[in-house]
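Below: a set of structures, written as structure tokens.
Each of the next two complexes has chain A plus one other chain: chain B in the first, chain C in the second.
What follows is the complex of A and B.
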């Protein structure tokens, strides 16, 4: 028998990736009752860095030092880009409340300003980004100032070679050195897993044994870099202990997914939304939907089935790997509601033949078209339902991977949509008046 | 450099010729513009033809395939899996062709055993329920990389020399003789002359260009063939469509995958050969009536090669042109020490080499007989890693402390990469990530290298093999090359996989920004006090 919850939520957010988390968080902060429905795993590929916007136009590979100047250029050049619909104040507010919530949940970020930061990746490339976890912040200063610096790695952590980073960028950083140490207790194994190391380093004893191996290697180093394994839930404590134990600033370098900072981000966001009263239903799929006065979502994966009713719905289901979009041989469809997807005319035009084509692949700009409030349009070009919003990477007209705007897209669009929802729900006669 | 015979081209034919000559005690040098099997030899089904494919339209080719297939099953058994093959007709296929098939096979001496359709479908559930006739023939699968690598390894053990990444740029002639061949090292840019008593052009699809350089033009046609790799293995036997040779009529089992193809499209140029979306769709559409599971199959990659065919440009698609081979002695063109060996099939590469070696030996006055049909190709440790399942078994057996697993899809560990790297270095080469991919399963699993390429590069830095920014160059080259075959099959699950790959390599690592002004500034400039 199908259970129907008697409650009608202000907002039902579908999706548990960056955009879904941001929308849930912002809705809760606005005092809206919010249920979040997701099938999980959406954040595991995150690096922990929060990109706002760094490259525009992508074909010219122009890298911006000030993300807000880049935003202004997007508004001028591509008025249909989702970021063109996010004003500076909303974007700043979105990053401020997002990072402050993360800080409360144990993942503090470096102060945000008007400038992008440059972070060294494990490939030795400098990555422009905006929000930098505090555990990585000393690396931004180190890359900018290039003081004598020691990079450490651990035998067995296969995707991270300090020697590779030094070889790749050492020509412009004479004081950069590397050393490899054995991870305590792992002398008899050939593979280490970042998450296991991170948990081990939360133990004071492990930390002390590790630091004892690192101290003799310090030399003239004024800053020390490690792969991002310095603690999982208690990374702030582990990071502080490393800085104190070594007597110099310490930074983490982001690693390949599934990365420890990605796991931290996921855990911190879960804690942030739950403590703010968001009701979460995970590992369930929405089987069907109906829209009338309110939206009714029928869930799959709940014994007996369950119906959720909500005044507004935020679609944050992501793209292909998030399952919000589905690509068949004949074209791209939107999986939950069958909304029209803006896309190239044929599959032949989906991809450039050059993987690294600066202009990007046309398929990455496919997605949902919306009005200025982020309400997805139906086939007639009108909002599909007055209370339905779409946010994050499912939106058409952006290329977050090349524009380096993944978090800007998720947070900025979620912020604007939630603001519109709050206004809509305050209007006396409900959803009908909001358009 | 001096040698008795210079072989141009390191495909199936050239490496078989090196082996043949080396076994006869003739000194030879093989120059290859790219790498072993870089052309059509590495871009085919990997089918060891029983000959049944050709019984209706090319009796001679059918007989050659039959006898050569039997020989290779003996001497190159390590590269061959005797899978057996089915010929399957489905409702709507030409019934006269089906009825004539067993008689044609008998005439060519090929065993074709009729199989009850229900029984065939029990053994191979991928076959359509609309099948109307099934015959079993002695088709087999061959790993063309292992075959060529092992042939070359045997030749080298007997003194033959291999020069990869070496392109022929000119011939010095004195009257009827080529006195030297000018070659360019494409890595260092250095040019040198190789003095050889005899020169054999075994450049496959490039044989026309090489022959032209020598001043001895040959008539050739190019036929482009595209193939698809499925995510899982669909069948145990080779499955052929029982009809006139056409598009998408063969499904090959190959380790953990199946290979489906091919198309035949006449092309005029060898530049920029890559599979297209239209070809991929056509292959799936044409093969689906025999193998309906293809409609929902996940494909991981496509690839395209160019078959060198004999004849003049008249036919429409190259299907009616002979798949036989030709050995040109060029004597009517006034050349006494040059030969061109072209056309043919993977299955007949040994026979082609034998004929060319006979010609060369006659000219050299060498009387030793051909041994390639008798001598078994010995195992070589650096040639075993293209085989799926080989690396994980070895790793399980000998798992050492310093042997990290680099590729988790296909289970390739550091020690395999080390061995391949060392064997290439020994030959005087600077090995690339792509070279290691060709000789192992690295990059061939579902992730298509997104993770293992990064781990392999980190491993090579750690060993001190890679210096400076070489790893970044290698990673971008590797992905650019693989992408050419990936993008036409990107839909469904594989598109989601590609999205993760791009999120990592562009979103995080920013590989597409290499060399861009803004990022170069970040890379090299020390900015003001403490400002990010």
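What follows is the complex of A and C.
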């Protein structure tokens, strides 16, 4: 039985990570019909924090307080950096609509401004970031003002140690104390899992039993930090109940991936795009593609196969772990369409001799070269297909991990690409008119 | 045969039938299926039955029930939704017999009271008897054809009572038609009647009447061949009009079944008369009727009585959950209410698995018998020789999806029966694999398997392919989203391994340790792990495969350790 999707979509987004989600969300908000195809799951590694841009240049490890100043510097220093093609207004709009959609879906964020926030990580180190979930916001103020603060952890939760945080940052934060409590009902269990605790804390009974164990430990603390386990789908409710129950501000500290905030982000984004009418096909692979007047993607993993026809395609397949790029003996290849990958001339040049080279490695900046509209280029240097766009970490010329610009890259490039798509589809001529 | 003997035989048969019915109906309150039925006393079940009946009868739902009764029982609505051929056939059989019973068998009691000029050999009665009889025959043909053309036709063992009863019905039908045909052609019957109503048995004196009867009624007088004298014939017809016509219609058109048979018998009418064939056929006909009456409660035709009760219980259940006693009654009733229509088999979700395993014990119609047998006789399973495990598979593989219940034309709650029957199977020595795996820890199973030595049975395609789990980065996402592990936080150690540890065991090649782990067997197959895995590993599919492997490997090991 072969199903043929007769509908021609305005946009087909390939990829379900941060960039694919952002592109789908923005396309839906613009009223474009959008289908999202992908394998999903990559978002679970997210921390819940949304980095815009914090470090530039990476070799100097300069940390910026104002991400937009860093953006301006990138535009000046590296015109081929994908972020150099994202203007401030698009970047602000992207973060604004992204966080407000997340808020609608039950994961509210602290108000966004011009400044990066400094967030305490589970290693005890400060991390610069831009978008902070509301459940973590009080931690930003606490880290800045360093009032008397109690950090709690739970016996059996292996990925989070309050003792380690105090050991790391306690020297410069005299009022910082830690305490370990038993998670209610888990007294006989040796191992705890954050997501299970988060779900348990959504029940009032578990909350009360936990709070009853924490209250006697409060002492002079004017703010209390927990590992990020305060609720899964209803984290706003759980967080509010903890603040009310303890009488002081409460903040979550992001845990190692895969973390509860990652699960929240994944669920909230799913809800956000689905409620805005995005059609999603997950756990499928694109088996083959053809580009003519419209793009036709033939899917694998659907019984009998299925064809998706779209006027434009957004490639948001990620890098190596997302399997958008593949590294082999002969070099790096783009897995879906075989697009040319901008990369070091030989494998020898992939990595610096120094593993911890502050400038990073050349391979980290490999990826797809695009025009100013984020349309990937073919071997002749022209857009491979007029309606094909590439966004997110697959793009060449960036090092998002060192530059701390993962979400900025995903959201900013998705925003600009979707704006161009909307303009292109409105234009009297151009791709997709025959569809 | 004297009328008093007939009446006595009838009354005795009726009495035995009533006793049999009482026995069978009391089983609806006696048979215990399921662990929750074990502690319920007889009187509690009696109260529940009476209470449930009253509740159903005096509730506002009674209209719905009556409607359901009309549609389901009288018109066999749900059977119609299944296969129109069998529906029509079934209706023809049921109503053909019912009408034969009322109009013909109870002719003197019923028909003669309503129509004082009733005579079984006069139209419309003669015609109707043939119509009803033919309807039954046609119905049997249609039901057989419907069965024949059904795609999934797996023979189910029949009970002795059913076989005998079906044979008796055939005897009743065939002897009835033969009796009528024999009497039509019989000169002896003619002389008997002539003696009674005209007072003569002289062939010459009766010649005109004989001519009329040979011509118009097909009596096979051996001496009357050739074209009759028209005057004599007219005279005979006049005599017939005065003496016989009030009771006799010409059978040529009315008795459209038996008259053609009588033509075939005509050449041997005299020898038949010589051995009193009509009398013997009558004895046979009546004996088969009486025996059938006695046997009736012990056949599946008990469903005629059980179906309305089942539908009543169905109605009571739809207005709110039944009491434990009510549920026990409903389960006990199921076996009798079953009409063996096999629509449940057609609809069964695991029917494709039954076909691929070649194990019909998975199908609802087979399971109904097994469930009842296991519950009523603990030794029954042992007597099934090597089939016990296959029968138990029926309980294991059932998904309790409830499609069989939805389809059942007589409203049996089959899904409830399957769940309840599992406890009885466990008591009879065939618990579900998830239960018997717990008899030992994963480590003990591993040791037992190692002691058995190398086994050359294939591991599943997923587990044996390293690429399935080589991408695992041990990120614990699967464990984090696993509701079974989450539930395990409540008590000490119900889950020995977490999903990502199972993946790791596979990576280490320790399949035998993995298949005995409670994680594999407690897995709710909710697919959360597989849906969330960032590496796209088919965690749940692997769990299912390991279960299948465990069922084979550990099951064999277990059976070797249990010599009984």
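Miscellaneous remarks
As a working rule, the second predicted complex is superposed on the first by the 426 of 435 C-alpha atoms of A that agree within 3 Å, B and C clash if a C-alpha of one lies under 4 Å from a C-alpha of the other, contacts with A are read in each partner's own complex, and residues count from 1 in each chain.
Basically, contacts are C-beta pairs under 8 Å (C-beta built on N, C-alpha and C of every residue); 3 or more make two chains touch, one makes a residue touch a chain.
Just so we're clear, the structure is a prediction, and the values are computed from it rather than from any experiment.
Annotation for the three-chain superposition on chain A: chain B and chain C fit side by side.
Of the two partner chains placed by the overlay, only chain B lies in contact with A:168; chain C stays clear of it. Once the two complexes are laid over each other on the shared chain, residue contacts for A:124 go to chain B alone; chain C is not touched. Judged by the touch definition given at the top, the superposed model places A:63 against chain B, while chain C stays out of reach. In the superposition on chain A, contact is made by A:354 with chain B only, not with chain C. In the overlay built on the shared chain, the residue A:400 is in contact with chain B alone; chain C does not reach it. Applying the stated contact rule after C-alpha superposition, one finds that A:45 touches each of chain B and chain C.
After overlaying the two complexes on the shared chain, residue contacts for A:194 are found with chain C alone; chain B is out of touch.
Greater residue coverage of chain A by touch, when chain B is weighed against chain C, goes to B. After overlaying the two complexes on the shared chain, residue contacts for A:209 are found with neither chain B nor chain C. Of the two partner chains placed by the overlay, only chain B lies in contact with A:145; chain C stays clear of it.
With chain A used as the common frame, the shortest Cα distance separating chain B from chain C works out to 6 Å.
Where the contact sets of chain A with chain B and with chain C meet, they give residues 45, 188-189, 191, 257.
Touching chain C in their complex are the following residues of chain A: 39-42, 44-45, 183, 185-186, 188-189, 191-196, 199-200, 257-258, 263, 266, 282-283. Interface residues of chain B facing chain A in the complex, by the touch rule stated above, are 274, 276-278, 281, 284, 399-406, 451, 454-455, 457-459, 461-462, 464, 466-472, 475-476, 479-480, 482-484, 487, 490-492, 495-497, 499-500, 502-514, 516-519, 521-527, 529-532. Within the complex formed with chain A, the residues of chain C that make contact are 475-477, 479-481, 485-486, 488-493, 498, 531-536.
Every residue of chain A that touches chain B in the complex is listed here, in rising order: 45, 47, 51, 55, 61-65, 115-118, 121-128, 140-141, 143-146, 156, 158-161, 163-164, 167-169, 171-172, 180, 188-191, 254, 256-257, 319-321, 323, 326-329, 346-348, 350-358, 361, 363-364, 400-402, 404, 406.
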